[in-house]
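Labels run A, B, C and D following the written order; every chain starts at residue 1.
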Amino acid sequence: MDHTSPLETIFRRVALGVILVFFLFPIFWIVLMSFQTNEQILRIPPRVFFSPTLSNYKALISGELITTVGSLKLTFMHNLWNSFFLSTTSVLVALVLGVPAAYAFARFKFRLGEDIAFTLLSIRFAPPLLILLPLSLLFNEIGLSDTYIGLIWVYQLICLPLIVWIVRGYFEDISPDIEHAYRIDGHSWAQTFFRIAVPLARPGIAAAGLLSFIFAWNNFVFALILGSADKQPVTVGALAFVTAAGISYGQIAAAIVLSILPTLALALYAQRYLVEGLSLGAVKG
Amino acid sequence: MSGLELRHVRKAFGAHEVFPDLSLEVEHGEHVAIFGPSGCGKTLLLRLIAGIYDPDAGDILMDGRSILDLAPDRRGIGMAFQNFALYPHMSAFDNIASPLSAHGNSAPTEHVREIAGLLKIDHVLSHAPRALSNGQKQRTALARALVGEPKLLLLDDPLRNVDAKLRYEMRLELPKLLRGFDATVLYVTQDYKEAMALGHRIAVMSRGTIRQFGTPEEIYYQPADVEIARLFGDPTINLLQLQPEKSERGVHIRLSEVAVPLPDGDALPTGRECTVGLRPEVLAFVDADVPAAIPVTVEAETPLNEKVVSLVRTSCGHELLVSRPAGTPAPASGPAHIGVDPGRLLLFDPSSGDRIALQDAVSTRGGSTT
Amino acid sequence: MYEKERRLIEAFVGGRMSRRELFAGLGKLGVGAVAARYLLNDAVTSAMAADFDWMKHKGTHLKLLLNKHPYADAMIADIEAFKKLTGMDISYDIFPEDVYFDKVTAALSSKSSQYDCLMTGAYQTWQYGPAGWLVDLNEYINSDNTSSGWDKKDILPNLLASDSWSGKPGDALGGEGAKQWCLPWAFEQYCISYNKRIFDSLKLTPPQHMEDLIEAAVKITKSDNNAYGIGVRGSRSWATIHPGFLSGYVSYGASDFVMKDGHLKAAMNSPEAKKFTELWVKMIQEAGPKNWATYTWYQVGNDLGAGASGMIYDADILGFFQNNGDTKEKGNIGFHDFIANPEAKAPKSNVWIWSLAMSNFSKQKDAAWYFLQWATSKEHDLFGAIKGDMVDPARQSVWDNDDFKSRMGKNKGYLEQFEKTSPGAKIYFTPQPLFFNVTTDWAAALQRMVAKQVPVDEGLDQLADSINKQMEQAGL
Amino acid sequence: MNRRVLPYLLSLPALIVCIGIIVPFVIAIYYSMQRYNLALPYLRGFIWFGNYQSLFTSSEFWKTVTVSLLYTVFTVGIELFLGLGTALLLRRPTTFNNIAAILLLLPLMTAPAIASLMWKLMTNPGFGILSYLISLVGITNFKWASSPTTALFTVILVDIWVYTPFIMVLLIAGLRALPRQPFEAAELDGVPRTFVFFRITLPMLMPYIITAVLFRLIDSIQQFDIIYAMTQGGPGDSTLVFQVAAYLEFFQYTNVGRSAAILMVLWVITYVLSLVFVKNWRRLRERAHGAV
């Protein structure tokens, strides 16, 4: 892998540069906008240089938007908390349910096993719209409408299939002999699962957990339809800056930046598990 | 009481039947080498014993008790895997200590150090498996299997993935090491020398059955069939398709028109071809005037360390390998004569490959070894 | 309270005196501004309470479903007054406008009893009403449960009629057997909001009719003002049809449907309709926003406020917010009524009416009616119009109020356009439950015509065909 | 624990949670066979496959099918190409590469529903930075989401921007998890790099590629957020994909029956596509590991 010609090195760097610009320039621009007033953003042509303001962040964090009309209450920070709470608990529940299931599909060939695995996947492609109306009727019946528990349950639609199918692949990549050896050493099945299988599949669990966290975070239709205003995530909250009086691009930009931060922090934290992938390369049978 | 017993074990994967009906009885403390070509089910046999797989039928007993309803962790077995199967996220020390900690031994340090010392890996105990050389990995795996002092030790071709020098060393070292443990040992190998060196007895497996189970001598001198005869011995046994002839002095075969008498056998096949097995060391160069000397032409000669192997051709076209200790004189090429020790000649049924027992072959020659 | 002060305040509450006069009068009596405001609120509350038992549902808890809108903000600012007046508790869920009606549809279709009252527009009630989700408010308006101070006649009659419908497709709004599905609260009508700076620099005057408009718009687009001529909505949505487009459309004498043999037939391809649509499409092609097909209200508004467009033919309140918000063109926006058809005499404007409705699934409908009464009362409408941004209130008394007039008078031409447009401002759509199918298809057809994928003539014929087919399929 | 019961014990909790969600799904199938418009309650009735029949005979619906499939093929195809390329560039676990990989996840972290508002602004002909930048290279009349000829391109572009990182992160993890021996052997033997890529890297990576593409496929054919926020299905019906059509039927037209029927067709298409992929996934997995 190391024998690259200078020409190829240049090509690689240019390609990487183009990719980074394509994917990161819009983010960069959103960050810039978050430090501008609406008036500064809406200039022709757009400008890179401006005198930055923190007013957008102040408004979001303090929960008060000072306008000519007066002060308006914003619930953005509460939305942020809802997103965090819903995504975190949903992913945790999905991990608790999904990792053992993924292990079962990877390690055991059992009757109906593949069918169960495919059923779990298929809930991912049941279009949310299709089930939302019956589901909201059902939730009304059993008292789950407008509860966090109900929402976390529905969020399993997003998280569970992703975790089951990604983690399953990683479990399959672990040499079964390592687990057999541990069993023969005198450890119970559960000890083997928690001390061998799970740690070795950690890069996969981290990747699946991170991705399902992101997908849960980005969802809005479930909470919108099934929850009241105090359970809305940041994706719905950020739309509050679009009103009849106009659209506050600066605040939307700041809202995006603020809503990215927790996920980014999680990604940075998960990163050390993600890169474990290589060091364990020798594991694969 | 036998240390390990398999009774009519059957195992199939789908339509593929690996063991139709397998039985084996191993004495307590005995070291048994399971020898056979790859794909014959050796590894599966160990896995059935370890409890990784359950047999479809039959029973497996240790010390007279069935262990089938015991989970792998309750069978008191130590096992070393061919691919080592070290825990990549634990240090060599923790790898070795794993069986001890599993049984609640809270202070395994001394024990681990002791066994690591025996295996000469005490200096790398803090390393992660990926930082170990193949030899060190193999010793770590072995240490892990031994450290719990299991009643039954299963070694799955542990020398397969190490280099030749190390394999040679370990082949000498291992029997000594195992003698220090009071364990019944099953040792899987594809290398007949390993099997001969390590097993009190050798079980030769082929296509899901145990073809022969006996001491190394039995396997060598009285192979159950032509295939086993071919697998053991280096250079390999000379196999000739000949038709024994009957005369007033008994039954004989002819090599270069010279009659070689066969000892009396139960139903010596005459009038049809059978396979004659002549190990290279059974043949020897002799002077032309020795009775029944067989004239041959020496085609080539290869020195093989302690012995020299010559390729000779009989007048009727059979090619034979002749082996002699290095340093003994012999013609390097051209015409020569060889002699045969008829008592050590092997005869196989040409269709089944089974050995045809010759009268008293072993009782007259028993005790003599290579 | 002293007699003089009481009389002053009663005069104000009775509508005989402006707020400024009241405060001046109180000041003369030595009452400070803060105390005066307190006295006033107190007095308004007690005045309302005088002849009616507002406390009847004391202790009841109501929940509202609201859209994030300046009108809703104005209500929330006044909500304490309601609590004090009635002793009820009230809470509310606010959802962003982008998703508000999705939430309403979801909440009502699941028969959730969570919400007692909600904000809605008239078009939505054409679905919600027949679906059985809303209460016919006539039952309450004409009952003893209505305070005498809630003056029905004061509500702009066009609006009140626009919010009532019999439920039979094609029946006139507010006609025979009409049910009052909701009550007008505040609304918007459609006029020209223009950038005075740009108009002055090009020596333009507000356009008089469609052809005039196109000419002016083209002039602006071609000038070096870095702006295009005319902003209108263009997204694939009913929102594109109901403001300027339908207002001009009806001005040309066109209508969306005609009744034929007891069935509604699409009339988008009538000669008048084709004539107007030709002009409209030409206007966008020559002087509209380049990204017109993605434009909804906030982009139309943004462009005006940022000086990127010379004028808009859209809601008067949209121009108002751009004229009074943190925008580049703040204070530069003027307003003018618009008679699209040069042969017409008076402006016609379709309207969007933010209204309040009662959920049929509410478990406390009587109490909910108290809330609706209060929220659509003169007092609250006035509060919203003066203290909040409820800029097009639905009550005549507020428009007559001097404080309100002086506030709106700061926006050039606003009051004038209102006065001229208001008599012809009502819903011009034919009420029928497929309103959203029809208007979405209509918008999509306009998009095709503007993109020159299909000529106007042909496009409208296709549209009428397709709509007739849909109506037939739905059994209408 | 019993080897036969254990896998069921492990997978059943997950399945039970899902069954709670499958119940409403069955109700929805029932809806799809009804004439069921919320605003026309008196017309409600069971009509078997009437809704489907009306869909299959409508040219608008076939346009929706075509647009959805085009959208799916282009987004998933380009994202796979870009994602794989990026993953190969960032394969080695250097600090720079690790940081770049995390930064490249940022687009995925911006919720598409909101990010699309920003894209709308950035492609605005007046205030939009992207419109401005392309005008610098002489493209002045590009209409992005506003023209029927470029709208699909624009929404595909946004989808690529948002979701390529998803494929990238899974493939980086996959590449780094591959065993090293075959590569070392190939390098020792001086095997050409293109050969190594096509004969070693790609086949070994295939199970990961299939997983990533499978999830992208499911999400892409069901895309809603980006398209609805950018174009609402327009101009005309040039970007009217399944979910947008179904959304309009449900939330705007309150036509529950027809909406459910559209979504059922979508469900069947997704089901079949996924089944094909999962079959391949199993086969490739087994090939990569050697069947037991």
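Just so we're on the same page, a contact is a pair of C-beta atoms (placed from the backbone, for glycine too) under 8 Å apart; a residue touches a chain by one contact, two chains touch by 3 or more.
Computed from a predicted structure; not experimentally measured.
Across the assembly, the mean Cα position most removed from that of chain B is the one of C.
When chain pairs are compared by contacting C-beta pairs, A-D ranks highest.
Centroids of chain B and chain D (each the mean of its C-alpha atoms) stand 57 Å apart.
Chain A and chain C have CA centres that are 39 Å apart.
Measuring from the averaged C-alpha position of chain B to that of chain C gives a distance of 95 Å.
Within chain C, residues 102, 109, 226, 299, 302, 306, 308 each touch two or more of the remaining chains. Annotation for chain D: residues touching 2 or more other chains are 1, 3, 126-127, 250, 256. Chain A has residues 42-44, 132-133, 137, 189, 220, 239, 242, 247, 280, 282, 285 in contact with two or more other chains.
Partner chain A is touched in their complex by these residues of chain C: 68-71, 73, 77, 92-99, 102-103, 106, 109-112, 114, 226, 297-299, 301-302, 305-308, 317-318, 321-322, 324-328, 388-389.
Per the touch definition, chain D reaches chain C in the complex via residues 37-41, 43, 54, 120, 123-127, 141, 143-149, 151, 230-237, 248, 250-256.
Against chain D, in their complex, chain C makes its touches with residues 101-102, 105, 109, 126-128, 130-132, 226, 234-238, 289-294, 299, 302-303, 306, 308, 433-434, 436-437, 440, 443-445, 447-448, 450-451, 453, 473-475.
Listing the residues of chain B that touch chain A in their complex gives 47, 50-52, 71-75, 77-79, 81, 83, 85-89, 98-99, 102-103, 129-130, 144, 148. Taken together, the chain A residues at the contact with chain B in this complex read 175, 177-178, 180-189, 191, 196, 199-200, 279-280, 282-283, 285.
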